[in-house]
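Right after this note come the structures.
In what comes next, chain A is part of two complexes: it sits with chain B in the first one and with chain C in the second one.
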Partner chain A sequence: MKGLGLLQLSRQNLRRRLFRTLAVATCLGLVTGILFSESLIAEGVQRSLQVGIARLGADILVVPYGQEMPVQTSLLTGEPTSFYMNRSVERQIAVVLGVERTSSQLFIASLQRASCCSGFFQLIAFEPQSDFTITPWLKSNLKRPLGSDEVIVGSKIFTPEGGELLFYGHRFTVAGKLEPTGMGLDAAVFIPIQTAYLMAAESIVKAERPLAIKPDQISAVLVKVDSATLPDIVASRITRNVEHVSVITSVRLVKSVGEHLSGLIQSLFLLTGTLWAVSTLLVGTIFSMTMNERRREIGLLRAIGATGRFIFKMVITEAALLTFIGGLLGVVGGGAIMFSFSLLISKSLEVPYLWPTFVQVSEMIAISMAIAILTGLLASLYPAVVASRMEPLYAIRSGE
Partner chain B sequence: MIMSKNSMTSRVLGVFAVALGLIVAVVPHYVFPVCQYSGMLVQTMAGTYIPMRCYWTATAEVGLGAVIVVTGLLLFVSRHIETRMALGFVLGALGAVAALVPTYLIGVCANPMHPCRIATQPALVLLGMVTVIFAIIAIATARGAPRE
Partner chain C sequence: MTKIYDCGHYQVAAVKNIDLEVRKKHFVLIAGRSGSGKTTLLSLIGGLTRPTSGYILFEGSDIWALDDRSLSRMRNRRIGFIFQFASLIPTLTVNDNLKLAASFHEVDYDVGGRAKDLLALVGMSEKAEAYPNQLSGGQLKRVAIARALMNSPDLILADEPTGDLDEETEKEIVQILKKTNEDGATVVLVSHSPDIAPFATRRFRMSHGILTEEDEVVR
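On to the complex of A and B.
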């Protein structure tokens, strides 16, 4: 039987029953596509949080009491928010045991549909001397300090480098654009804190609505914890020692996104599991039916010298090929949809999203394809054993 | 009348092309509407409001979708191999233009967070690519068909 290639024979069998091949491949493609998309969502959210938290550079974020939800929403989705507290809070936090560094930030929402503002954005004003969010980026990319009327923008701000932005009547030049994180930081505009106070002072005459911020006000204190202490322990100390503040840790931020997504991911995995079970049954049934229809063909193959092992391998190869096509359809389709609509999905689910790395995507493709092929192999195992045990004469007669 | 396998494939592809054409025309107005439908307009120096760039893309896609529908119908009824191949090429070109209109030829809004950038543009690019794939299948099946 060496003249007739196993793969060639299987390919011909699949082409001869094109409708069946397409129906089964589509069904498996659907399962693989959903599974692959789920993995992309889970991995993308995870990566976005990792990159975003690394960009933020802080282990703990201290905000005015009751503001943790708006801050979390702003950090994750970029929804602009404004809130203020007294600067003295930073001094109180700096003396807490385990705190290595602190830096203040001012969160300002620009005005919506106002001639004095380029758009509705989250402005984040930072202290250039103590900052660890933007300053490391400035050192490695811009290689100079930020000018007083210059801003750094997130990747979702469409104004190009060198372009101008107007906030509360104050004109800024875009000095640089940050790499995407998938988080709300991508839709933020970073300005030096002194310029923010100046902008607030000028807004009385320059803006449609004045920005009421006093120079002793800040919105948040970013805290870096020393390497010997756990951020949760320092967070508890801050809550105990500093009054009227809420504490957000990076761990809690990741956990809140996880909780937000868990329902959806669980439902999707349940759906995939059900679809996978149905597909396995479907492929198994279709292969059993096909083997029944092909009794005569199998009998003739056995009669001209094909061994039972060859028949078994033929059925298994056919199933593997079919599921490979299905898997490929699913991975390409799911990947194309996810790649095209990742922003829409991220916005609809209200979660941060950053396309996973090449290695991560490759791993997910390999796993999805392996699951698809294993499904085919598992489902065709019984029909393959039955077909390989058929007596040639009985098979030819019963197939007539 | 017994229909040949290739003729049947051509008819199925014709039906798919008609459906794709309808989807291309409908998507930017109803499924993933462009900014105009969210009340987003551009204010001119004179104070009047005009539609954004994505609106013209949506308008162009209606015309393109209509031509894809007509091509699909022609693919459905055509019997000659040469005609089917030519229609396949036309369908491919229309698919490519459907994908290029929201990206290069007309484009959509510059703001990456606008609905036209998040949903309409990727949807139209995907639909255009699917149309091109169908066109390639139509050409390949027509090429492989025995001459009647």
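On to the complex of A and C.
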């Protein structure tokens, strides 16, 4: 029969030295928490872009010349914008080599603080016949065409299904709500394009300010590229063949967000790297000091039969337990902060954000915990080797 | 054997050319002034420090020829140490301190039962769940003796086990050591106590690292 286990001995050491345990665990928890939160931001932005671009369904977005920045901002953050070009642009794009399908959209910003509008939203009017953004969703979810006075809303719009929304004096009924994407699309209201033209015509009498759109005007052309051609090549062809337009590819959209975030993420990771190095040194120093204080104890353990290997394993187990606690604190704390403030962070960083999937979060937890434990192991390696190699009598005497 | 401590600019010979043979079941008493090398000698016998020159033979085998695992196992199973200072692990209860002796190598007895019996033997049953900082000096010594006896060692090395204790506690501890010796264990003990001298089969005096036998008492 065995006496006390290694784990039991290490656990007792941590429990009876509570202040040291908590101090080291908090220090490591802080580093792990920051690292975990950064990973959540990076992964959440990435996921949001993937889901959002899949929802958009287009490889290329063609907008009036010079409007690419407002469109990108609107798509990413939901900041409402309005701009128009002639519908003939769609016909010119449709004949460009490599273009499989096109569909027009109208981008209308509703009026802010106006009695004729329910709020300041981005209205996106789509062509039900050619659309590939909302129509596939309607087919699988609503299972019927959208009525002329019906709208589909993004997940961030609180009006429930069956509720009413008022834009430019025109009353709409909410027919459905889209799943969140984390992008600006979540704050958008989708309406049929014919109703948008009607709403514009009526606005002269119904709205506080009229909506000046002619029936031959559109805001953007969404382009789906055939599978044999790269979107970048088609984008170049559109730029060459169609005048006065700007072309945004989904790849470029992702890239621009990446560039926007890269500086911040790099700085954050640099900060975390520095914090990690400092905390590794700190934990190492605390462990060395603790081992110095515990020299007599180590000598005693050796005198009553502990091998050098046992002492090494004891120090390492203690460090692993301690850093596991720290890692757990960090993951729980970081996760709670991100869960509570993700919207605020997304808004202040001007990036889309969607909470990563369960698998992604699990992976990040595992990596963060592994880094925390590795830090503890690395920091305690030297003190563990020194403690395990101490001659018992020397340890006892130098600890007196 | 000789043990010289290297203190940087100078060296101290704590044990000088000592040739000592301890026979089974003997009770050896070593007396001497502080700093005379008694603790170093006990530590050499118990394999806690390596001699600068010479050998320590345990049942004919050189203990420093053993690897760390075998030497640790020998210290654990064959030798029981009782130190001069409070030698319990502060983070463990009295009971766990005893169980600790059975933690490093496989044992074939009921650890909990043995700990209970030994605590009863040293009169510490009621303090089984106490922590060392809740015990008096005498109680700490008793628990240390109980722990030293956990694995029924062949050799007890006791370094002033009755130092700083009141007369009554000292007598009780001497009785426990005497009984252990009578039960078959060899005892090598460092002490100034006149109460122990009558039980010793051999008495030595140590001075400046040199060991001199006073007389041999055959029981």
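The rule we apply is simple: the second predicted complex is superposed on the first by the 398 of 400 C-alpha atoms of A that agree within 3 Å, B and C clash if a C-alpha of one lies under 4 Å from a C-alpha of the other, contacts with A are read in each partner's own complex, and residues count from 1 in each chain.
We take it that contacts are C-beta pairs under 8 Å (C-beta built on N, C-alpha and C of every residue); 3 or more make two chains touch, one makes a residue touch a chain.
This is a predicted model, so every value here is computed, not measured.
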Clash or fit (per the criteria above) of chain B with chain C on chain A: fit
First, second, both or neither for A:336, with chain B first and chain C second: first
A:212 touches, of chain B and chain C: first, second, both or neither? neither
First, second, both or neither for A:297, with chain B first and chain C second: second
Which of chain B and chain C A:396 touches, first, second, both or neither: second
Contacts of A:187 with chain B and chain C, given as first, second, both or neither: first
First, second, both or neither for A:95, with chain B first and chain C second: neither
Touched partner set for A:277, first chain B, second chain C, both or neither: neither
Contacts of A:7 with chain B and chain C, given as first, second, both or neither: neither
Chain A residues touched - chain C or chain B, whichever exceeds: C
Nearest Cα pair across chain B and chain C, whole Å: 13
Those residues of chain A which chain B touches in one complex and chain C touches in the other: none
Contacting residues of chain B [partner chain A, same complex]: 110-113, 117-119, 122-123, 125-126, 129
Complex contacts: residues of chain A adjacent to chain B: 78, 119, 156, 158, 187, 336-337, 340-341, 343-344, 347
Touching residues (chain side chain C, partner chain A) in the complex: 40, 43, 46, 48-50, 68-69, 72-73, 75-77, 81, 83, 85, 87, 89-92, 96, 99-111, 131, 147, 151
Chain A residues within the chain C interface of the complex: 1-5, 9, 12-13, 15-17, 296-297, 299-310, 391-394, 396, 400
